[in-house]
Amino acid sequence: MQLGMIGLGRMGGNIVRRLLRDGHTAVVFDQNPEAVAALVAEGATGAASLEEFVSKLDVPRAAWVMLPAGAITEATVAQLGDLMQADDVIIDGGNSFYKDDIRRAATLKPKGIHYVDVGTSGGVWGLERGYCMMIGGSNDALDRLDPIFKTLAPGVGTIPKTPGREGRDTRAEEGYIHAGPSGAGHFVKMVHNGIEYGLMQAYAEGFDILKHANSKDLAEDQRFDLNIGDIAEVWRRGSVVSSWLLDLTAGALAGNEALDGFSGFVADSGEGRWTLNAAIEESVPANVLSAALYARFRSREDASYADKLLSAMRKGFGGHVEPK
Amino acid sequence: MQLGMIGLGRMGGNIVRRLLRDGHTAVVFDQNPEAVAALVAEGATGAASLEEFVSKLDVPRAAWVMLPAGAITEATVAQLGDLMQADDVIIDGGNSFYKDDIRRAATLKPKGIHYVDVGTSGGVWGLERGYCMMIGGSNDALDRLDPIFKTLAPGVGTIPKTPGREGRDTRAEEGYIHAGPSGAGHFVKMVHNGIEYGLMQAYAEGFDILKHANSKDLAEDQRFDLNIGDIAEVWRRGSVVSSWLLDLTAGALAGNEALDGFSGFVADSGEGRWTLNAAIEESVPANVLSAALYARFRSREDASYADKLLSAMRKGFGGHVEPK
Amino acid sequence: MQLGMIGLGRMGGNIVRRLLRDGHTAVVFDQNPEAVAALVAEGATGAASLEEFVSKLDVPRAAWVMLPAGAITEATVAQLGDLMQADDVIIDGGNSFYKDDIRRAATLKPKGIHYVDVGTSGGVWGLERGYCMMIGGSNDALDRLDPIFKTLAPGVGTIPKTPGREGRDTRAEEGYIHAGPSGAGHFVKMVHNGIEYGLMQAYAEGFDILKHANSKDLAEDQRFDLNIGDIAEVWRRGSVVSSWLLDLTAGALAGNEALDGFSGFVADSGEGRWTLNAAIEESVPANVLSAALYARFRSREDASYADKLLSAMRKGFGGHVEPK
Amino acid sequence: MQLGMIGLGRMGGNIVRRLLRDGHTAVVFDQNPEAVAALVAEGATGAASLEEFVSKLDVPRAAWVMLPAGAITEATVAQLGDLMQADDVIIDGGNSFYKDDIRRAATLKPKGIHYVDVGTSGGVWGLERGYCMMIGGSNDALDRLDPIFKTLAPGVGTIPKTPGREGRDTRAEEGYIHAGPSGAGHFVKMVHNGIEYGLMQAYAEGFDILKHANSKDLAEDQRFDLNIGDIAEVWRRGSVVSSWLLDLTAGALAGNEALDGFSGFVADSGEGRWTLNAAIEESVPANVLSAALYARFRSREDASYADKLLSAMRKGFGGHVEPK
């Protein structure tokens, strides 16, 4: 079937590519004409403006917005809402805040336009491996878009079936779910990223402990000369901690055990923060997910005000003057 | 080659079985004669006492101790040390504390007995999938035992090779490593389990947030009706959080999304604690791994003294009397 | 001077009392006529409706709202806005969210009505000790209300002066500050409560460790028979951890070291949550303040879904069945 | 009465001074002859060697060791044990690990020498304010030393009595307790310091949130221009978070709100670490105390290996290259 794509960055471009390879057609638009031209060369239909984009879509239209979450996505959805008509579908495949989805869906509803939010995991690997998708929206919209999702999803592949799932929704096994009404897709994706932060930090702390065990500062009975890269590699086979993140870790450590070239400055996108906000709203204790986010905050500070205040107090009660 | 095995529980028994299936031979001993008889029926040579066990082993001997960490393992290693002689090898495959390994190795060294510590991950799945092993000891001992480890390890299997590891130690790819001298194996396994706790808690908190999003207590714009089992399943394909622990989670949730039958009481073995002790010795911040362990401590308390003290303070300054 | 007070609960009533005792006058209103009558008996002027309340206030009016944060305060401020006129002042002394203050101030501004937010600490002790106040609003409004704040504040009292503050704003020493424009008062009070949670949890964890040191489960070299009440008492004198919260703790433990009668169920008001939301917005790591809030969440759950999921995973990989 | 003091640093010297001022006598020794001479000038009896020190003490002797915890204290206690005789008392007033106390007491017991461990809080303020002391040892030894402790303790002073303590051990009100047998004193002091870390970090995080609220990076409705020093000052009067640590904070911020001159590098002594080890041994969740210690660890690192590993994973799955 036909899909319109707005935003031809790494994610949007590769989604179109995966669709074209499976026989679908695409109308594409991006602020950058070169990005449009590149996909036209691969078989897509290009558009030079949002108006042209909408006019080239078959009715009822399906337009996927793949732009940075925030003001740009907000404005683009609003413009599409003006240009489109009843029974059309707007899909937000970015990382929007789920309450924004709920609001947008309510705004578009009187006009009869469907709003579908798709939380997408897979990063740069999606073109090849497929995209894991968590989708919010109406049954009608999802039924119509099903051929698109089926193509984009990884499919059952070689991953063993989960025992006990016989007779249940098979879409989950193929790599996409209908999570609920508008907002549900991005909510699930948000928690997914919150978990991702926690998993990453668990590995990071563990490998940090291993790394420090090589330190000359330790007593003899605590000091080793561990090969961090080999440890990551061995855990990939038969161990309880095997995972895709561990595969990536093993790859990063192979040949660069010191992790040279990484500054230690770690960014965070909004989902980790929103996950904590949700936990707080729900009164769910989330020490691990919080600590994972805070570690990233801390990685971006040099000398924190909090730490200086500790030193100031220590000086006050003990006359301690911190070294360094 | 021949291996002696002391302790024929689930782990020890299955290790022997995996060896026998690959053409190795085994002498086995357990306090429980029925456990011995069961493995004799599968081709092993049985022993009725530790003395008989040692006498039936070919020289130089290789004896694997697979008993609960602590007093039993300590005593058994000591007895073996008395019964065995120079060039024999004692292998501790349990979950011993790495400083105990270092001490035992030093005690056995004057007599010329090798001490090898093997951290083993794989649980009940090891017989079929193979065991991931982290090994500490001398090069001599490990070279001699290599055929054993090669059989027990999962092997390269279908797991893709890590790019950039060409020319490096291939044992890691097969699922076992020589981590360093005595103690290094259990040290790496200890951190492995610390990470495992962190990973598990990250998933647990995330799914808890998803579960609570179904709560009727929440406002409309926060409430969903999420299918937790489908979410676990979909993340298995193409998502950043896919892992073996997630596979198990999906299996546990299939058909039992409410997790009925689980009390919420969560045990912990020593490794999580020792990992934190190591982090503290090394001055490594480990908020995630700590929070994961503490969550288990907390799961085993009803009304904690700490919580009561909070209520007492609240009553003191605000006259608050807690409900319930 | 004259102050109007709406909401005559423990806080509102005692604020009026403290004002009357110092020679101020008060017009009072509450949904409960008995609460009004009680303060009329102590010298206040009563009102039977919000309209009557406003009509009895001298122009320019000063009306203090001391109601539960949320819908009731919101509605009352809105009604006052309708009834009052340019140059009047509405004071919100409750625990409102600071962004609500900013919004309300903007709404009232076109009409010329001043909005002042007062974060108040002191609880049931305020009548006697005075109230610590953090105030947001315009200079004009605060200048006019200064006699009120001066009476309500604790004053310099016997607390030693802080060296180095010579020549600085003396209001802070008397127990009230002008924190900034509308919203600033409640923002500072919010962080105050976030810190309060952290302090309380630090004591709670420490006393929990002391209490458990008396446990018969511990080895000889870890077990004591500590008198928890005496420990709290001794720390009140000359120790680095002395504080008002410790004074309250010592009082709670005196004669009830087991903390009998406390369920361990600990409530939380909104400020702790908002403090974390602010930390997250500001990218400030706040592990301690988060852990303090989460401990309260956890105190209100029996068997958490997160814990059950851990047990389910443990069963999956190790065949472990949790006891209990 | 007479006390011998070994170690005339800030703590040891001031303890002797406080004793001399109250009419006690002292024999003093230090590796540094100038430190000895200074106290001789103030009325103490000096010694040039440990042997001379012991010989000048009246029998039964009381010798207080006030040296850095670890090897120096260990060696000094051992030498005193050799030089002293039955019924003498050795007091360790430093920050020794409580299990070392238990071991030393057991070693000295056959010879009839008493071992008393004194956890001392008060820092540089002790000379003037008195020392808060937590004491472990036998009833006999403590009874004999009571005049010393009474002089060193702050005394009841102007601090209000805790209601409900009538008829209980009055030593706690004077600022010292008999916590239990040898080791109990340092155990209680250890937890005291663990709590201290938690309290300090709670303030540090809160003030960090306040400080960041002044940031130009924030949206209008989150940004203020708070006077951090005034906030610390106002909380000293009538607020729930008032404490001695807050007094010190207000002093540090007065005139140096930016905390210029502090590097943000924060040291930690052993007690915070031992407190966590104790919590782990006792299965007590201690997220706040752990986070407080870890914040200090983190303050001493620039780019942590853990953080670099996060960046490496992010690059692996998303092609993200961290800025900076």
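By written order: A, B, C and D. Residues from 1 in each chain.
By our rule, a residue touches a chain if its C-beta (ideal position, glycine included) is under 8 Å from a C-beta of that chain, and two chains touch if they have at least 3 such contacts.
By chain, UniProt protein names: A, B, C, D = 6-phosphogluconate dehydrogenase, NAD(+)-dependent, decarboxylating.
Keep in mind that this is a model prediction, so the values were computed, not measured.
Farthest chain from subunit D (centres taken as the mean of C-alpha atoms): A. Between the chain pairs A-B and A-D, more C-beta pairs are in contact across A-B.
Between the Cα centres of subunit B and subunit D there is a gap of 39 Å.
Inter-chain centre distance (subunit A to subunit B, centres taken as mean C-alpha positions): 31 Å. Subunit A and subunit D have CA centres that are 47 Å apart.
Touching two or more other chains at once are residues 123, 125, 201, 203, 205, 208, 212, 240, 244-245, 251, 281, 283-287, 291, 294-295, 298, 300, 304, 306, 317 of subunit A.
Of all residues in subunit D, those touching subunit B in their complex are 240, 273, 276-277, 280-281, 283-287, 290-291, 293-295, 297-298, 300, 304, 306, 317.
Residues 99, 102, 121-123, 125-126, 129-134, 153-160, 162-165, 168-169, 171-177, 179-181, 183-184, 187-188, 191-192, 194-199, 201-203, 205-206, 208-210, 212-213, 215, 218, 221-222, 224-227, 229-231, 233-247, 250-251, 254-255, 275, 278-279, 281-289, 291-292, 294-295 of subunit A are the ones that touch subunit B when the two sit in their complex. For subunit B in complex with subunit C, the touching residues are 10, 123-125, 200-201, 203-205, 207-208, 211-212, 244-245, 248-249, 251-253, 259, 262-267, 287, 291, 295-296, 298-300, 302-320, 322-324.
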